[in-house]
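To keep things simple, chains are lettered A, B and C as they appear, and every chain counts its residues starting from 1.
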Amino acid sequence: MSRATLRAEDVTLAYGHTTVVHGVSLSVDEGGVGLIGESGSGKTTLARALLGLLKPRSGRIVYGSRELPAMGRGERARFRGAVQPVFQDGSEALDPRMRIGASVAEALTAHHRMDRAAREARIAELLADVGLDPALAARRPHQLSGGQRQRAVIARALAVRPEVLVLDEPTSALDVTVQARILDLLQRLREEHGLGYLLITHNLAVVDRLCRTSHVLYAGRVVETGATRDLLTRPAHPYTLALRDAVPRIGVPTAVPAAVTARPAGTGAPAVADRGCPFRHRCPLAVDRCHAEPPVLRDAGGGRRVACHRAEEVLSGALRQ
Amino acid sequence: MTTVELRGTPLRRVGNLARADVLATVGAVILAVIVLAALLAPWLAPYPADGGSATHPAEALLPPGADHWFGTDQVGRDVFTRILFGARTSLFIAVAVLGLAAVAGVTLGVVAGYAGGVVRDVIMRITDVFLAFPALLLSLALAVVLQPSVTTVIVAIAVTWWPWYARLTASVAQSVAGRGFIDAARCLGVPAPKIVFRHVLPNSLTPVLVQLSLDAGGVILTASALSYLGLGAQEPAAEWGLMVEQGQTLFTTDWWVVTFPGLAILVTAFAFNVLGEGLRAGLDPHRRAR
Amino acid sequence: MTLMRVRDLEVRIGGRTISSVPSLDLGPGECVAIVGESGSGKTTALLATLGLVEGARVSGAVTVCDTDVLTAGPRRLRAIRGARIALVMQSPQAALNPAMRLGTLMRRALARHGVKGPAAKARAADAVAAVLLDEGVLRRYPHQVSGGQAQRFAIALAIALGAEVVVADEPTSALDVTVQAEVVAVLRRLREERGLAVLIVSHDLALVSSIADRVIVMKDGRVVESGPAAAIFAAPADPYTRELVAAVPELPPPYDPASPPASPPASPPASPSASPPASPPRTGGAP
C-alpha cells in the first residue's frame, strides 16, 4: 500500500491579528512524528490546521500530491477519511448524548452506506480491536471510565480506516496505569494498521515511546528537529534541554532547569519575538546576538536541525549541571 | 483560607437538587391536573352546554353555591364550566405560540450559532429588529391589522416571542460548536446539516426547554391581555382573558365572575414557572453531580 | 512536634468506605504524599484533614496544629484554615476572584487575619519573594498571570497568612513540565527555609518521588502501602505499587560526554518499538 503523506509546508496560522504558528514545516510518516511544546506553543492550533479544521494564513497543508484547499469533493472526502483526530479528553470528543455505538456508527456511515447487521458487526469488531467489551456500545460516554472513553474515540477514528492519526495529548488526562495501557494500544494499532502518527504532547516520555522523529515547538516556531531518541539524549537547543531536565524522574531529584530560573520573574507567557530569538528572555546562554538576530533552523549534524546561535555549546555540555 | 476554599462539595449539592425536584414536581402535578381538566372538560363540566353559546337569563349572576361552584355569569352560564373549557383555549394558545416560536427561533439560532460569521450576523440583526419593538405593542398592532381571533393572538405573540429563542439558542449553539465532538464529526466528513441537527441541536436544547416552561405562563398572560383588550378570542368562546374582560365591570358587585378566571390564569402561570425553575436548577450541569 | 496527626481516619457514605487512612504524621519541614488514581479516595482523605468533608460519616482522629478537626466547630475550623493550614488546588486561577488584583486579594486576606498597614505590606512582599515571584505580580489580575504564577501566588498567600501546613491537591498536574518544576522547587525551598509542612495528593509518582519524604499509596479507598519514599520507589512491596511505578514513562538517560554510550548518539533508534525497556508487556484489557 502506497501511503499518501500529510505535510505542512511553511505554515503560518493566526487568530485575528495574533499569529500563533510561524512558518512551520513538517511531514507525517509511518515512523511517528512528535510535536513537543508547552501550552501556548501553538501545537494544538497546528494540529487543527493539519486536520483541515483551520485554514493557514500562509503556507500549505498537503495530503498526497494535492493541497488541501484545492481538493475536489471526492479528494476532500478521502482526506477526511484518511486523517483522524484523537483529542486529549475523551469525554469532550464524544457527543455526551449519543451512545458509544451510535458515535462509531456515525463514522462508519459518514462515507458509505451500510446495512444494520453489517454495521453492528463492524462496531463490535472495532470495539474489540481497541480492547473494549462490545457490550459497551450501548453505554453513554459518562458511563465509561476515562481510559474506556479514549479507547472508544480511537475505535471511532479507526472506523473510517485512516492512514494518519493526529493525537493531541492522548493520555495526559488519564491515570498513569491507564496511560501506559493506551500507549500500548496505540503501539499495537500502528503495527497492525500501518498508521502514521502525529503526536502532540508536552510529555517527552510519550514522544520517545511512539515517535521516531520529533519537532520542538516554542512560541509558534520549530526550534529543534531530529531523531527523537537523539534529541532527548543530547538536546541542542536550550529549551529542549530545559524540557527534558524538568521531567520528574523516580529516584532523581528534579533539577530546576537553568532555562527556567533564568526567566525574569513576573514575565508571563512567552512573548512573540519580532526581533531576536523568541527564547532569549528565558535562555541562560543568551548573548547580544540572540537579541538582535533571530536564529534560523540550521543543520547541526546527524539529521538534527536547530534554531539556536549557540547550539554547538549546548551540545558540548555548556548547560550541564 | 477564604480565597481558596471549595465551592460546595458534590455532597452539599444534593440538598439543592432535592429542592429543585420538589418545585418541578409541584409544577408538573398542577399542570397535569389542568391539562386533564382541559381534555376532559366535556365530561367533567357540570353544564357542558355552557362552554358555548347557551344562555340562561333566569340564572344570571348567581353567587357560588352547591349548583354552581363558581357562580354564574351575566347570561347565566356556569363559571366553573367555562373555566374548564377556557383551559383548552389558554393551553392551546400557550402550546401553539411556544411551538411556533421555538421551531423558528431554535432553527435560526442553531444555524447562526454553528455557522458563525456572516450567517450569524445576518440572523442576529434580524432578531434585533424584532426585539426592538415592544412585544405587547407589536402584538397589538398585528392583532388590529388581522381579524381578532385565537389564531391572530397566536401569530401575534409568536412573532414577538421567537427572537428570544433565536438568541438563546445561538449563544448556546456557538459554545457547543466549539466542543471536541463537533470537531471530531467534521473530521469524519459528516455533512454540516447533519452535524447541526444531530449534534449541535440536541446539545443546545436544555436551556431552551427550561426557557419554554418559564415562558408558558407569560404567554398565557399576554394572550389573556390581548383577549381582555378585545383582540383575541371572541364571544361565545370560553377564554380566561376574555372572561376577565367581560366580568371586570361586575367586580364590585358579582366578584366571582372575574375572580375565578383570574385565579385560573394565575395558577397556570405559576405552575409553569415553578416547573421551569425546577427544571433549570435540576438540569443545570454546574449543580448536578456527575 | 507534629503539625498534623491522623489516626484511623475513615470516611463513609451510605455504609461504603470511600477513604480510610490508618495513620499519618506530618512534622515541620516534612512532606508526605498520598498517591493513587482517580477513585482511590486520596482527595477525600485530604479534604478530611481540612474538615471539608460533608454529607459523609467521618470517624477517627485528625489533629492539625493541636486542633481536633473532626470535632471542632465551624468558627474554630475557620480560624485554623488559612492561618495554620492552607489548601492549594489544581487550578488556582479558578479559586482567585477574577475581579480583584492579586495584591488586593492578599491585602484583604491579611486584613481578615488582623494584619494591616505597613505590616501587611511587608508580609506580602516577603511571601511573594519566598515563592520567587516579582512584586509586580501583585498589581495584576488573575487572568493576567500564568498558571504557574497563580499556583505560586496561592502558596505565597498561605505563607503570608502564616500557614505551617500546606495541603496541595494535584498542584502541578494542570501545569507544563517546566512550570511544574518551578512549583516543586518553590515548595522544596519553603520546606527547607521555613519549615513548611506539605501534604500533597497526586497521581504522578515521579513528581512525588522528587518532593516527598514519605508516601502513602491508596487504592479503592484503602492504603495498600506506606513508608519512606526512597524505600517504596526502590522496592515497592505491594503489586499495585509495583504497577504504578512500572507505569511511569521513562526517558532515555542524558548523554554524558565523559562516558559516551556504546552506540553513537547521533543515530536514530532502529525502530520505535525498540524503545524503552522500562515498560513490561501488558495485556490490552480495558482499564
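Going forward, contacts are C-beta pairs under 8 Å (C-beta built on N, C-alpha and C of every residue); 3 or more make two chains touch, one makes a residue touch a chain.
As the structure is a computational prediction, the values presented were derived from the model and not from experiment.
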item	value
Chain whose average C-alpha position is farthest from chain C's own	B
Contact-richer chain pair [A-C vs A-B]	A-C
Interchain centroid distance [CA atoms averaged], chain B/chain C, Å	51
Averaged-CA centre spacing for the pair chain C and chain A, given as whole angstrom	29
Centre-of-Cα separation between chain B and chain A, whole angstrom	49
Sites on chain B at which at least two other chains make contact	none
Touching residues (chain side chain C, partner chain A) in the complex	37-38, 132-134, 136-137, 144-147, 149, 176-182, 184-185, 203-207, 209-211, 230, 233-234, 243-255, 257, 265-269, 271-273, 275-276, 279, 281-282, 284-287
Of all residues in chain A, those that touch chain B in their complex	48, 51-53, 76-77, 80-81, 83-85, 87, 89, 92-97, 103, 106-107, 110-111, 142, 153, 156, 160
Residue numbers on chain B that touch chain A, as the complex places them	179-181, 183-190, 198-199, 202-203, 290
Residues on chain A engaged by chain C in the complex (per definition of touch)	31-32, 38-39, 131-133, 145-148, 151, 175-181, 183-185, 187-188, 191, 202-206, 208-213, 227-230, 232-234, 242-257, 259-260, 264-266, 268-269, 301-304, 316-317
